[in-house]
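Have a look at the structure that comes next, please.
Letters A, B, C, D, E and F mark the chains as written, and numbering starts fresh at 1 in each.
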Amino acid sequence: MTAPKKDFTHLDQKTGNPTMVDVGEKTATKRVATATCDVVLGNEILCLLLDETDILTKKGPVFQTAIIAGTMAAKKTSDLIPLCHPLGLEKITLDINPSGPDTVTIRCTTSLTGKTGVEMEALTGASVAALTIYDMCKGFSHDIVIKEIKLIEKTGGKSDFTRE
Amino acid sequence: MTAPKKDFTHLDQKTGNPTMVDVGEKTATKRVATATCDVVLGNEILCLLLDETDILTKKGPVFQTAIIAGTMAAKKTSDLIPLCHPLGLEKITLDINPSGPDTVTIRCTTSLTGKTGVEMEALTGASVAALTIYDMCKGFSHDIVIKEIKLIEKTGGKSDFTRE
Amino acid sequence: MTAPKKDFTHLDQKTGNPTMVDVGEKTATKRVATATCDVVLGNEILCLLLDETDILTKKGPVFQTAIIAGTMAAKKTSDLIPLCHPLGLEKITLDINPSGPDTVTIRCTTSLTGKTGVEMEALTGASVAALTIYDMCKGFSHDIVIKEIKLIEKTGGKSDFTRE
Amino acid sequence: MTAPKKDFTHLDQKTGNPTMVDVGEKTATKRVATATCDVVLGNEILCLLLDETDILTKKGPVFQTAIIAGTMAAKKTSDLIPLCHPLGLEKITLDINPSGPDTVTIRCTTSLTGKTGVEMEALTGASVAALTIYDMCKGFSHDIVIKEIKLIEKTGGKSDFTRE
Amino acid sequence: MTAPKKDFTHLDQKTGNPTMVDVGEKTATKRVATATCDVVLGNEILCLLLDETDILTKKGPVFQTAIIAGTMAAKKTSDLIPLCHPLGLEKITLDINPSGPDTVTIRCTTSLTGKTGVEMEALTGASVAALTIYDMCKGFSHDIVIKEIKLIEKTGGKSDFTRE
Amino acid sequence: MTAPKKDFTHLDQKTGNPTMVDVGEKTATKRVATATCDVVLGNEILCLLLDETDILTKKGPVFQTAIIAGTMAAKKTSDLIPLCHPLGLEKITLDINPSGPDTVTIRCTTSLTGKTGVEMEALTGASVAALTIYDMCKGFSHDIVIKEIKLIEKTGGKSDFTRE
């Protein structure tokens, strides 16, 4: 981790109260962010989801509902996170794939050309997609755990980031 | 994990399409759910948050903003999770406490007297509080990770649950 | 059509201004409403949607996205229609089926136990599902037309209704 | 109808899942769209609405409520239609006029300078205005039908459209 | 003013953090609240609004837009005021009348049968109606002032209130 | 007050119906607006809020909750005020300070580079912050009054404004 700077960007320096960052003087650039998140469903639920002996595969509607929910939530980020700026996202992508014997991994990428980044949008999209999968599978078990919501990469801002 | 039942509750048995559960015939009971979630901030950010040598402690506004965001998000659960029922929550509690040298733990409890449980509301409240802390601390580092969003306990429904 | 009663229920008798109906004195009963709506896509788009020679059938994701959108919109009815009461819907069902060589029909059923009916919720759910199908197919043609949004049946209120 | 192109723009080519179109590389141009929609009220309700022997004409508050509802709904389009981009509409116009002995026609025009069109916004504005008229007149009859929601014209995108 | 009780109801006694009141154990009763608010428009704008020599009176559309906005805002109170409970309002009434040579007064009454009062809903409805009138008249002057947003009466809770 | 111009900007000249202003041809400029609002709490509540003999000062969480609520409401302005354009605010600032023995004053400043001003956003942010303070203090008294919601200054539009 890089050494913390002195001040919280979202607290007013004089009063200490929460405050939005002023992005008015920033330059509009192409900004892209990718976040991921794991949902540990357990092996049995994952098998049920992926079972192809069934005529009606379950993966389709469960994953697609989560993709829709994550897409709509990414658009609502500034409604959910108090100090986020309202943004005109130009693209939201969500992928959901099995990533282990009991886990699916959600990857959400967001982008726009604007004055501020889309990191919170990618994280919010991935989180709400995960909560949606939880909701649709909780009839089987309440042991499901959502893990490792994190930024993978962001480009276009003051400093790029790639998780090692 | 208990053995999965045969069918997904949120998929229509005939068409396989996503569908809400019908709670019309359920009995209104007092329902309570508690979810938790960890935010791994790293030791340096956590120290900055908790530093009491400062006249203006940072913990107050950061945690309070997260508590407000989580409370408001819990109320919006049915707007975010496609197959959740709209509910008249009667109480939402959020606590945020340090739980290790680099981590804070968020605990969200939701309750009402109604026909369906409030598990998704507790999980959504905890998740959005975590995303808010991330947002307010991301000026220091993008290595912050949100971990272990999970149900701790729920009571009042068909079957109670307590995480061991 | 039955002979119109004298007054508009949603206009104040004295001032003529728009106003909500007071449902405070009504009895909570089980109320169910069903609405339908046709989307005339044209034969070519319908064939593409239903084509089963493709490995990835298009019907699944298009119809499921519309079902999710219609379900979420039904929950937002009182946010969209100014004089509708906020309701705690207990069940929303959406089905989408081909109903002719160039048409799909959407059927939306909503229900709850409450003091006022769910007719507008069923109509709103069907309408937004139709707009979503339009959105996903408009890359092929702008000739798509949404037709015949109408109530099919409602029960549980002062007077039941069944379309002949 | 023009011959369908090969692929659904809103389905990912590889996975078949629903996905937003990436408008990041498009050019911002002036875009305008007009949609219409008919509400078949029946002759008796229409006469009541237009009756000018009354001191308080009913047309005013009913149509104005519908105009406000349609305007607000057009602004919410990306909240309702899952794969629509959030847009900063610069103008929304709604007109409502009698168009036959039993029918009113709603016309909604939306515009902005942006990277993507406003067709869904015009259609959504017209649809919700129609649902609002239905709501305010349903005390007289449930036979009201909303018909022919369709695009009339759009300009400013890759290809213009005018309904013949 | 009655002597303040010891503690803030919306702050947690132990942590001092903001928190919702728990209404779970309260009894559902009929609750009604009325709030008012003045908009000082100035005499010239008020005359323009009320001018009846015009064929198209301006008062109608301006006041009706404000009534619709106030009604919709009252329904959104729990979305706006962080610690308010989501409520199923059963009736919202808004009246707007001239109350002096330069002023209009907005009166908003809200009601339901439920476990908690509707005071914030009445105040929110009146406030947003006032802001809407401001918006529609600000083309004439920016000197408009919104004054005296206050509760007039509430009944049905632990203690009734009537402003003297 | 300057002499009123002839027409209401938000009413259609032909039909008299409410309508949005078309900002499509306006130039994007830096626009800033500041609004204020007083909350008359009474001396006793104000003393409780400011009391520093308490270990847990009450001012912090009450004012911070109001600041968060006002910030989020400013972002929702176009959702609340029917004829407001959706805007991508670049900065929202809220300050709350005691301004007399029984009163606090809220000041809200909003800004962006865009085609239309942010006056309604500043007024809405101040109003909802005031309603939030009311909500958190109403346990002590219902005599609290919100006063003097008004524009203080706006720059960047066709004509600047500074309140004398």
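Just a few scattered comments:
One rule holds in what follows: a residue touches a chain if its C-beta (ideal position, glycine included) is under 8 Å from a C-beta of that chain, and two chains touch if they have at least 3 such contacts.
What you are looking at is a predicted structure, and each value in this text was computed from that prediction instead of being measured.
Common neighbours of chain A and chain E, by the contact definition above: B, C, D, F. Of the two chain pairs considered here, B-F and A-F, the higher C-beta contact count falls to A-F. Of all chains, B has its CA centroid at the greatest distance from the CA centroid of chain D. At the chain C-chain E interface, residue numbers used by both copies make up under half of all numbers present, so the two copies contact each other through mostly different positions.
The distance from the centre of chain B to the centre of chain C, each centre being the mean of the chain's C-alpha atoms, comes to 32 Å.
Look at where the CA atoms of chain E average out and do the same for chain F: the two points lie 15 Å apart.
For this pair, chain C with chain F, the centres built from the Cα atoms lie 37 Å apart. For chain D, residues that reach two or more other chains under the stated contact definition are 15, 17-18, 60-61, 64-65, 68-69, 72, 76, 79, 82-83, 86-88.
Because contacts link the chains in a way that matches no line, ring, star or complete pattern, their graph is best described as other. Chains that are in contact with each other form these pairs: A-B, A-C, A-D, A-F, B-C, B-E, B-F, C-D, C-E, D-E, D-F, E-F. Residues 1-5, 8-11, 15-18, 42, 44-45, 48, 56-58, 60-62, 64-65, 68-69, 72-73, 76, 79-84, 119-120, 123-124, 127-128, 130-132, 134-151, 154, 161, 163 of chain B are the ones that touch chain A when the two sit in their complex. Interface residues of chain E facing chain D in the complex, by the touch rule stated above, are 60-61, 64-65, 68-69, 72.
For chain C in complex with chain E, the touching residues are 12, 15, 17-24, 78-79, 82-83, 85-88, 114-115. Of all residues in chain C, those touching chain B in their complex are 30, 63-64, 67-68, 71-72, 75-76, 86-95, 111-113.
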